[in-house]
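Below are structures written as structure tokens.
There are two complexes below, and they share chain A, which is joined by chain B in the first and by chain C in the second.
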Partner chain A sequence: MELLLEAVSYSSVLALASVGLSLCIITTKVDNFAHADYVVLGAYAALLFKASSGLTPYLSLPLAALAGGLAALLSYLLVFEPLRRHGTITLMIASMALGLVIRALLQLFADYAQSSLGIFARGFVFRDIAVQLGGARLEMLTVAAPLTSLSLLVLLYLLLFRTRLGIRMRAVAEDAELAEVLGIDVKRTLSLSWFISGALAGVAGVFLPFRFSISPDSGSFILLSLFAAVTLGGLGSLTGTLVASYLIGFTETMLVYGLSGLGVSTALRPLLAFSVITLTLLLQPRGLAGLWRTERGALP
Partner chain B sequence: MSLESAVVDVLVLYTVYAILALSMELEYGELGLPNFAKVAFFAVGAFSAGALSARLGLMLLGLSWEGSFKERSWYYATLVAREVARNPLLGVAILSVVLVVAVTASAVLGVLVTYPTLRLREDYLAITLIAFSEIVRVTARNFDAIVGGTFGAGVADVFAWAGGARYPVLLLFALGSLASSYAVYRRLSTSRYGRVLRSIRDDELAALTLGRDVWKLRMKTLALGSALAAVAGVIYALYMGAVSPDDFTVGKTFVVVMMVVLGGRGNPLGPLAGAALYTLLDKALSFAKHLVAIPLDINYLAYIIFGVSLLAVLRWRPEGLIPEKPPLTLRREVVLSYLGEKEDRRTPCKLFIQQF
Partner chain C sequence: MLLVENLSVGYGKMEVVHGVSFSLSRGRVLAVVGPNGSGKSTLLKGVFGAADVLGGRVVYDGVDVTRAPPHVKVSLGMAYLPQVRGVFEELTVRENLELALMSLPKSESWERVEEVLELFPELKGLMHRRARTLSGGERQMLAIAMNMVRRPRLLMLDEPTAALAPKTAGALIRKILELRDSYNLAVVLVEQNARLALKVSDEALLMVSGEAKYLGSPEELLNNPNLARVYLGLSHAG
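Coming up: the complex of A and B.
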């Protein structure tokens, strides 16, 4: 039971971050290697909040969302918008450079926090609080993470499919030039979707330190799980990514539990992500979305 | 550090980076597919040296390994080096086996890893390669038997027979490897193979329509690029005298991509210039660390500077320092004799003449 809750909360955190990444891939066609660094940025925003106010990190969700969202917005406006006419490869290289810059900035911040603010900022974790729920004692994370994730994803769904803004966003994703001809402000619409995607990542970042120790370069291992989810989901399908996040989250949790039971090192986590990616590409390159989307390719 | 050893240091690092940049140039500049696992293949080369040099030396000496690899590799590496000092042939044997293993393993791995994605869009390949490079590092870090895990492993000094001149000899070996890599690259680039690669880069569909086996060529090129990176890895490990898995992070791949983009992709001189620029910048930064005391860690600052400069180049000068020119695939005499015989054909050949 505990393991199940654990898996659900990890999967929902994973879903938040990877759906955001998927959104970027659909709207701007950028396989953003810096996305995991927005997650880490969110975690650091939460750390700063916790250290300066002494309150529980859960209250820092809006702050972390803002931090992640602003970082994503800035990356779009400063890096990806000017390069939008270039090919996928150039954009990927740019995102790699961006990720390293964010990582180095976080390292400098961690140095500063450790020496001047006296905050322990490398390999930090948050301690969880327990809540009473219907007689059972649960850890706050197992309640908060799934609830937050679910409500945010429902909001995203409503935004995309029930508002004019959502129609604009989907139109830009479908064909940016055509949308522009029809009078949609492409730049503004894309800015918004980048902000949303970064904000989701930032929120995910608040939950991660409850289970993993976070350092400025944690982005590299988070990134693999994110890309595994996105690839399994079909590279550019939000529903597919959501389902895939849960599949990967469950497998990863069970595997880590099983392996530590057997006494095998759990440091081989990335191996799972890698095998998921290669197997998906070998057997079903269009991912989970290819199972139900048959009339056209998985390509957006 | 004396002036001589400082020069050797800069030059050896330059050759390592230049070979890496050349291999990336072949993949990214000519084929248009950057190998985002460059550091993994570089690591395969270095790990071959780390895992094999001491073991192999011991085997050739007829001794057996006692104790765990992690604890004893430094001791045995020194022991083998002492034997090599007396018997140069042993050093040559170790070096050649290590090179063969590194190149083969790297090329085979390159084919295996890219096989599932060669027929798909390029971003799938990039994702797989990024994941693979993390795997190589994590595996080496967690299995002590390969290169001693976080301890690292000692590399036997195969140039110990040269005594005090071992670094100059190593440098000669490195420069020789760079020269032959460059020769191979130039030969390929100006051949039919190079032309087909560039046609795939510029218009894959057209290349396919004209009957080129795009997938096979991609596989070949990636295998070749990976093998070249492994050679650079061997040189690096020999120079350092040790390998440590944590040395091979994604940041290194980025640095190599940066050299190619900065130098000018598509131009054969681009990667050489890019590697020189990077080595100079890197050395200047670490030199500046001793001169001025700033409250920031210079390594992180360097990454910010490199990242921002790459983004700036991509935005304002995507062709790099030395832009690509149409390569001259015929020898000069051939073109000249052709021009001499048929004066009336001068106009279409203007493009060629401009290059002299």
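Coming up: the complex of A and C.
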């Protein structure tokens, strides 16, 4: 039971971050290698909040969402919008460079936090609190992460399919030039998409330090799992990414449990994500979404 | 209402249209015809701001809009229907029409769409269908309806009858003329089917190699054996 809850909570965090990445890929056609760094920014926002207020990091969700959202928005406005018409390869390389810049800035922040603020900011973890639920004693993460993830993803679905903004976002995702021709402010719509995408990543970042030690360069190991989820899901499908996040989250959790049980190093964990990416691209390049979708360009 | 002066248009530094001029009043149809690759579509894109203007100017209702981005031109009453895709295939017909409504002030309501649907009754029964499931003719009707929701004063159409059966193409052109009459629209019609376009237009512009080879009466162009035969492949007195 404990293992199942663990798998659900990790998968939920993965789903939040990878659906955000998928949104960037769909709307702007950017395979954003800096996306995992927005997750880490969210974790640092939570650390700063906890250190300055003394309160539980769970209360820092809005702050982390804001940090991740603003970082993504600035990335779009300063880097990806000026390069939008230069092709996907240029955008991908720019995102790699951006990831390095964010990591370098986080290193500087970690130095400053440690030397001037007395905050331990490298390899930090959060201690969880216990909650009583129906007579069972559970770690807060196993309740908060799935609930937050479910609520935000339902909200995202409603936004995309029940609001005018959602129609605009889906239209821009399908054909930005045509949207512009019809008088839609594409830049503004994409700015909102990027903010939402980064905010989801920032929220995911609050939950990660409860299970992993976080450092400024943690984005590099998170990134592989995120890309595994969006690749297996089918690049450009939110539903596919969501399903794939849970498949990968569950498998990774079981793998780590199995490796620990056998006394094998859990450092082999990234091998799973790497294998998923390779096998998907070789055997089913359109991912899970290819199983139910025949046309290209749809968000679900 | 529309004045295009010495307009040069291209992509980046590559100039495709060289110094073209024309003017158009409300209630008139200008047919832009010419061989493949003569710059007809690029000219239209340049006027609308979807390609790079390298020289000259575009004046609309007395306002210089040469460098204005497309969404600003739309807000001023210019509408442009692109050659390939004029609708969002993954959105429903209803969502496509709603989207067209979004570029208007918030006070504008769904009534505007209903008003347009009276002009396109064939769309009424298709509201919940995804646009990709529509026929070519229905898609073009939807694309024009989306533009009409914003009550434009100038409608620029880039080969609206491409890939349509002759009967459907004829019906579409009749619909465009009906809209012109009902709304006193100025219409710029880029057409590969020169005979069809010249028959329904009030003025004609013949583009050859990015330059305006002829500007004037469509009848004269149709009856000019050299121009009509050499550049449009039409037999004399078509």
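Just so it is clear, the second predicted complex is superposed on the first by the 294 of 300 C-alpha atoms of A that agree within 3 Å, B and C clash if a C-alpha of one lies under 4 Å from a C-alpha of the other, contacts with A are read in each partner's own complex, and residues count from 1 in each chain.
Definition applied: a residue touches a chain if its C-beta (ideal position, glycine included) is under 8 Å from a C-beta of that chain, and two chains touch if they have at least 3 such contacts.
Values in this document were obtained by computation on a predicted structure and should not be read as measured data.
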{"item": "Combined model on chain A: chain C and chain B, fit or clash", "value": "fit"}
{"item": "Touched partner set for A:Ala97, first chain B, second chain C, both or neither", "value": "first"}
{"item": "Geometry of the superposed three-chain model: angle at chain A (Cα centres of chain B and chain C, steps of 10 degrees)", "value": "90"}
{"item": "Partner chain in contact with A:Ile89 - chain B first, chain C second, else both or neither", "value": "first"}
{"item": "When both partners are placed on the shared chain, which of chain B and chain C touches more of chain A", "value": "B"}
{"item": "Chain B versus chain C as contact partner of A:Asp185, first or second or both or neither", "value": "second"}
{"item": "Touching partner for A:Ala171 - first (chain B), second (chain C), both, neither", "value": "second"}
{"item": "Partner chain(s) touched by A:Leu272 [first = chain B, second = chain C, both, neither]", "value": "neither"}
{"item": "Minimal inter-chain CA distance - chain C and chain B, angstrom", "value": "14"}
{"item": "Chain A positions touched by chain B in one structure and by chain C in the second", "value": "299"}
{"item": "Touching residues on chain C, where the partner in the complex is chain A", "value": "48, 50, 69-71, 74-75, 80, 82, 85-91, 95, 98-100, 102-103, 132, 146-147, 150"}
{"item": "Chain C contact footprint on chain A (complex, rising order)", "value": "164, 167-168, 170-171, 174-175, 177-186, 295, 297-299"}
{"item": "Residue numbers on chain A that touch chain B, as the complex places them", "value": "31, 33, 79, 82-83, 86, 88-90, 92-94, 96-98, 100-101, 103-105, 107-108, 111, 217, 220-221, 223-224, 227-228, 231, 235, 265, 267-268, 270-271, 273-274, 277-278, 281-282, 285, 299"}
{"item": "Complex interface listing, chain B residues touching chain A", "value": "28, 32-34, 36, 113, 116-117, 120-124, 126-128, 130-132, 134-135, 138-139, 141-142, 249-251, 253-254, 257-258, 261, 296-297, 300-301, 303-304, 306-308, 310-311, 314-315, 318"}
